[in-house]
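Both complexes below contain chain A, partnered by chain B and then by chain C.
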Partner chain A sequence: MTANVPAGADPRPEPVRDRALPRSSGRRIGDILFSDYFVLYLSIAYFLALIPFLPTLSTPANLANLLSNMWPLLVVAIGQTFVLTIAGIDLSQGAVAGLTSVAAALLLATAAPVAVLGNAPVWGVFLGETGGLLAGAPGATTIGVALILLIGGLIGLANGLAVAVLRMPAFMVTLVTMIAVGAFAIWLTQSNNIRDLPDNFIALGKGTLVSLYFGEAETSEVARRALHAFVTWPMIIALGVAVAAHIALNRTVFGRYVFAIGINRKTAEISGVPVRRVIVTVFVISAVCAAIASILYTARLETGRPTLGSGNFLLDVIGATVIGGTSLFGGKAKIVWTFFGVLFFVLLSNTLNLMNLSAFHIDMVKGGVILAAAFLDVTRTRLMLERTP
Partner chain B sequence: MTRLQRLAGGTILAGIGLGMATGASAATVCFAFQDLETEFWVAGHRAITSTLAEAGHTVIERNANEDANRQLEQVRDCIAQGVDGIILIPQDGESAVTIVAEAQDNDVPIAVFNRPPSDLSRGIIVVADNATIAEQAVDFIAEQALAAAGPDEVLNAIIIVGDLGDPNAIGRKDGFYAAMAKHEGRFNITEVASQWDAATALANLEAAVTANPDVDLLFTSSDFLFPTIRSVFEPRGMWKTVGEEGHVWMAGLDGDATACQLIQTGFVDATGVQDLFFEAEASLNAILAAIEAGEAQPNEVVQDPGFALTTANFGEREMDMWGCVLLADGFLDK
Partner chain C sequence: MSTLLAFDGLSRDWFGVPAVSDLTLDIPEGSTLGLIGQNGAGKSTLMNMVGGVVPPSRGSMRWKGAEYAPRSPADATRRGIAFIHQELNLFTNLSIAENVFIDGFPRRFGLIDARRMHDVTAALLERLQLTHRPETPVGDLAPGERQIVEIAKALHRAADLIIFDEPTTSLTPRETARLFDLIGRLKAEGRTVVYISHILGDVARLCDTVAVLRDGRMVDTGPASAFDTERMIRSMIGRDLAGMYPGRTAAPAAEPVFEARGLTLSGVIEDVSFTVRQGEVLGLFGLMGSGRSELARVIFGLDPLERGSLTLAGRNLAGGPAARIAAGLAFVTENRREEGLLLEAPVAQNLSLVALRDFARGALALLDETHHASATADLGADLAIRANDIHRQSVKALSGGNQQKAVIGKWLMSGPRLFLLDEPTRGVDVGAKFEIYGLIDRLAASGAGILFISSELEELTGMCDRILVMRRGELGPAFVPPFERMHILAAAFGEAVA
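Coming up: the complex of A and B.
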């Protein structure tokens, strides 16, 4: 493997497909299995199969919910995709989300109750009864968002330097970051949440550009319940991140380097790939994506939360990424796969909710699906190698 | 028929009675709760779900597993399913505001059970007067502790505070300090944070007791922490019944079965009682009435006055406390 990996594609050899010969059904199944759109096909089949049993599934309100739940998860999963591609893992994304959520509130809140936050170490320094540091300042939201991304980027930089320069395992580095940064976020507000965020910040997580109404126009007034948000600011932001990530990973030299490191770091180094710089950049991308997702989650909940990103957050992120087809062994990823993985994962969660299963059963099913996806990854890789002459 | 069955039956009859009075048809109600980690939530969950089901309503349950974002998504799913009303036990007061607004913006009536939003102006809010209940319980143990001490002796008090993002925790803390303020200069107060988490409470209480083992009085903001307190006190010889040398005067709040048993056996002296069955019934009645009336954004605050169960009034009021009812029905033996 050299640095000259073909851009925009899985750098591993493509399987030989002799289209002149009649193909067996096994081979056709194999083609579907190896297709970039496999998870999309799976999602569509799953969706169609469940509609007769869950009529709510295809209602406009439910579809709007599906989309709404998808965008923040997509952004953070895109960051994880980069890290998995270099055969790493970033366990600190949840903690980054928690810290940046608190940072957003400390910078932008327009008021804060002393009864709740008076004992927090940030009280009187970053936060007071009149709000956060930038409360009321012109361009506060823009500056605040920039600072939030900077904080995320700095944590990613620290992770990247520890992995690339000190050659520490990514699992251990990001595990420690997860614990330390998560605890720091909780300490800052003493576990308290901060409300009263400005409207233009909240619009980043809830703002709607296009709402649709399905029904007859019998009256001039339409009930709020009948309007369904389809084009939203989170959608624009998430798709913007996805397109930028797709270009970076599949259309640039940097992307080729990322794949090369994931396939074999040693070989990449010998081939002249600036391995350290690329690894650091990848961890920065991952943390910045977590910070962007944090902005979306914080804005939709209208609250800065130090515990944002705790619980099953990582299960969802890594699960969605792996289900999409990104390999846990590195060197195999596409942003479009992650998009489909997130779509399937959100659809799975939604349908399990509609089946009225308990939270425990839902998590058990999710865990099983992720395990199946990991097994499928191993199987696909093995079959692909067998198909390669 | 057991006392619990009679109480639950009373709640059910009240629900049915309301239905008959208003002609309510079977409704689909989404019951979204944050978790079932304490006796209070388990008993509340049981009272609400069984009453709704017995009255012929369909209950859609959603457990957020302590994740506010997940709870928001679950409530949105409920709204998409076209539920007639929502009963919510939120993760915290802040997320409750967002979720109540989400429901009301979609014309779905919502009632918040026990853990109130930080903004009480929207939704049906059923909440205990935590400050007053806590003050009553702490008043009792403070007076007992001072009566047993020398006239000018300064005593050491500990308060285990809850998650201050929860308005209930703030109310309980305020009630404790209101009681302490009546005896200015008589108590040195140490605050121990629990964040409503037993492991956090254990670590912080151990640290506090190690730093100063001379504890005269303790108030825990929730009864569910009594087993944790016991695990810290017992090895240090501080887990004594009233009348024994070294007894720490203790009070809690919730009124659960464990607290009832500990008052019976003399380890705990008082607990503030939230009337769980009243709160469950009030939530159900209010949401069913709103559904029946076609009211999409009902706003109402229903206050549970509560009371303090102490060793002094235990004989008369024991069975007014939901935890004692559960205890009598063998809840702790199941």
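Coming up: the complex of A and C.
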């Protein structure tokens, strides 16, 4: 173990209560760099470093906002993580989110204005003055959510079959799906948004279980906006998806197969891994995750929006996943990495917003950060190889 | 003869572990040096130093009498050193001429001078007796022909020293003979050759001098005439190897375990029928392109079968690989890096890949980690796979021999009835070969049938109960001990024995 103290490193001795073997600071920096929690440490350091400059950053209102931005993105990114693990990519998640957002409204809306939507192809078929197909029916929201997930799953199935059975490249297949499904969603409503979603559906995106109040203790009435939501339904749903995904990827035979295919599809095939079935399943997971995220977004916006997944959606998802450390070349992924990647990405967007930068500036910085993350990944991999001869 | 390349106390450490230590050797101009050693003996590191890929930790090199410290592979190329690797450095999408001129296209008025490229390449190809047009894409050439293109590149650069690293691994005997003829002519032209190979007979035949590396040190050197195969092996492994092959411990049973009837895939395999008995090691010999690897792929269900039937342990084989594995089939392909291993995954995950479902618990197919860890650890120990920690170390970090043990090992957990072994000892050093032969014997003794496909007739005659010969997709007669090498070779080449 050679002491490799970088210039300016803190020469403070080990705390007495730390009874672990004395570690050199070079080795300790290495431990942090190679830790699964590296991006978490990075996020915390970034957060602490910016508090002096952006005092609003640590206010309860902003923290609640940060968290609420995190959950839907986490769900989509988890789906993407599975696809990246098999060395694929799913460009169609945004389009799936857009279509399922429209579908949610077409099924569940309780009213619709003819003036806005009268020209849409869905008018009179799925949607009328009295709302969507299931409007007012008992259990409408439950059935609606199930149908939305089914729609997502079917698109994923189509992607998966094209990749696994027809052996088309994932990039091509999902690019086509992105274009076609995205356009279809917009055509359905002629690019209009649909409002008037039922309350129990909206609760899925905004419902609060634990709220905190940081104001005066004596006030008898508390304004709604003085309450800051911390434990919300989206949080429960996203964390539930994350735990399930973590178990599926790390603790099941299926997860091992996913990694095996990502590392070497030929070897997996010859070793009897059901390669096609696993690939199809992975694309279904990805699209269903996009549909779940779409429910969270749609409910939060109280609007079925066909363009929900356009614009920067894809950049955010793939950027967050890759920053977490998942490899675009397959075979290297962890759900916690994606979790921290999403955290960092949301934090980054939030701070850039607080700096009052324009949308263009924000995207330029985001692009730079993804590039830096990719560079860091390459460097980490190289250093890791040198560490384990 | 003056010295072309000299090493003086040359050493190279990797993370404090010496790969080459204190190596001193002169290579006279015009000589042919055979460099041998087991995998990990330091041959690659030595060649990487010569080629400017890594600098030495200590010691120095001299080239034509002057100090030589290449800083990059381009440096080495410029001085006149050419490498012919086992994995060729050719662009298969480019033509022969473009490959020859890849590091400096001739220009005329700022454009590539295609005519000059054509003429120079055509002259080179004629000298090397390769009857292809310079415009032919390298992807259309056979492996042996591609190697000749590599040599053409070296000649074009007027290389003084040509280093061949395992050049014959993917060549047919005929291509090998042609290569040796070519090396002979290079020698006659006064070029210096370093020949690195595991095939000791070739080294003895081609070289003037032999140098043996072991654990990074030069342990034995002398004129090739003073070396017989036994001395080479003894020097390489540092002890006497009592025979190259372990004895077979059990005789095959009478009952067949596998039967192939009338297998046909037009143009590849023609009406192939044979039987493998329980505990039998059945050799399959044939030249490259004879259909031997294709036969294995058809049996395993990777390629479709036009006609014919397959029976394993009394059951009809059908479907894809997964169904056939379930029926008791195992397939070690000739290509362990591309098809055999998950290189980046830990050793343990490679070992359990085939039998992974056996570790599933409950409806969610959760992995039983404890059972998985102990089972893979037991298997790793049983196979004597040398790794620091099979649960964390990636299989990529293992030596070729240990990688190959992992490829065979991953099949053992599912208890197959028939093993298809395609070139199971390719690119593996002498010591590891011996271990793999021992493993084959153990599998046979446990009652499994083995179809042992190889282009090394030597190992087939050493290990097999019977040897089949395949030629142009057809099976010839079966040979039984005592094996007559000449007859088997003649059957493979389709020539009558005088």
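The definition used in the following text is that the second predicted complex is superposed on the first by the 360 of 389 C-alpha atoms of A that agree within 3 Å, B and C clash if a C-alpha of one lies under 4 Å from a C-alpha of the other, contacts with A are read in each partner's own complex, and residues count from 1 in each chain.
Keep this in mind: a contact is a pair of C-beta atoms (placed from the backbone, for glycine too) under 8 Å apart; a residue touches a chain by one contact, two chains touch by 3 or more.
Keep in mind the model is a prediction, meaning the values are calculated, not measured.
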Partners on chain A (chain B, chain C) - clash or fit: fit
First (chain B), second (chain C), both or neither touched by A:G331: second
Partner chain in contact with A:V253 - chain B first, chain C second, else both or neither: second
Partner, of chain C and chain B, that touches more residues belonging to chain A: B
Which of chain B and chain C A:N264 touches, first, second, both or neither: second
Which of chain B and chain C A:V273 touches, first, second, both or neither: second
Touching partner for A:T321 - first (chain B), second (chain C), both, neither: neither
Least C-alpha distance (whole Å) that remains between chain C and chain B when both complexes are overlaid: 37
Complex contact set, residues of chain C against chain A: 14-15, 17, 300, 302, 321-322, 325-326, 331, 333, 338-345, 349, 353-354, 356-357, 359-360, 364-367, 369, 393, 397, 410
In the complex with chain C, residue positions of chain A that touch it: 247, 251-257, 259-260, 263-264, 266-274, 331-332, 386, 388-389
Complex interface listing, chain B residues touching chain A: 60-70, 72-74, 76-77, 79-82, 92, 94-95, 97-98, 105-108, 118, 163-165, 170, 193, 195
Footprint of chain B on chain A - complex, ascending: 56, 59, 61-62, 64-65, 68-69, 113, 115-116, 119, 190-195, 223-225, 297, 300-303, 305, 308, 311-312, 349-350, 353-354, 356, 358-360, 363
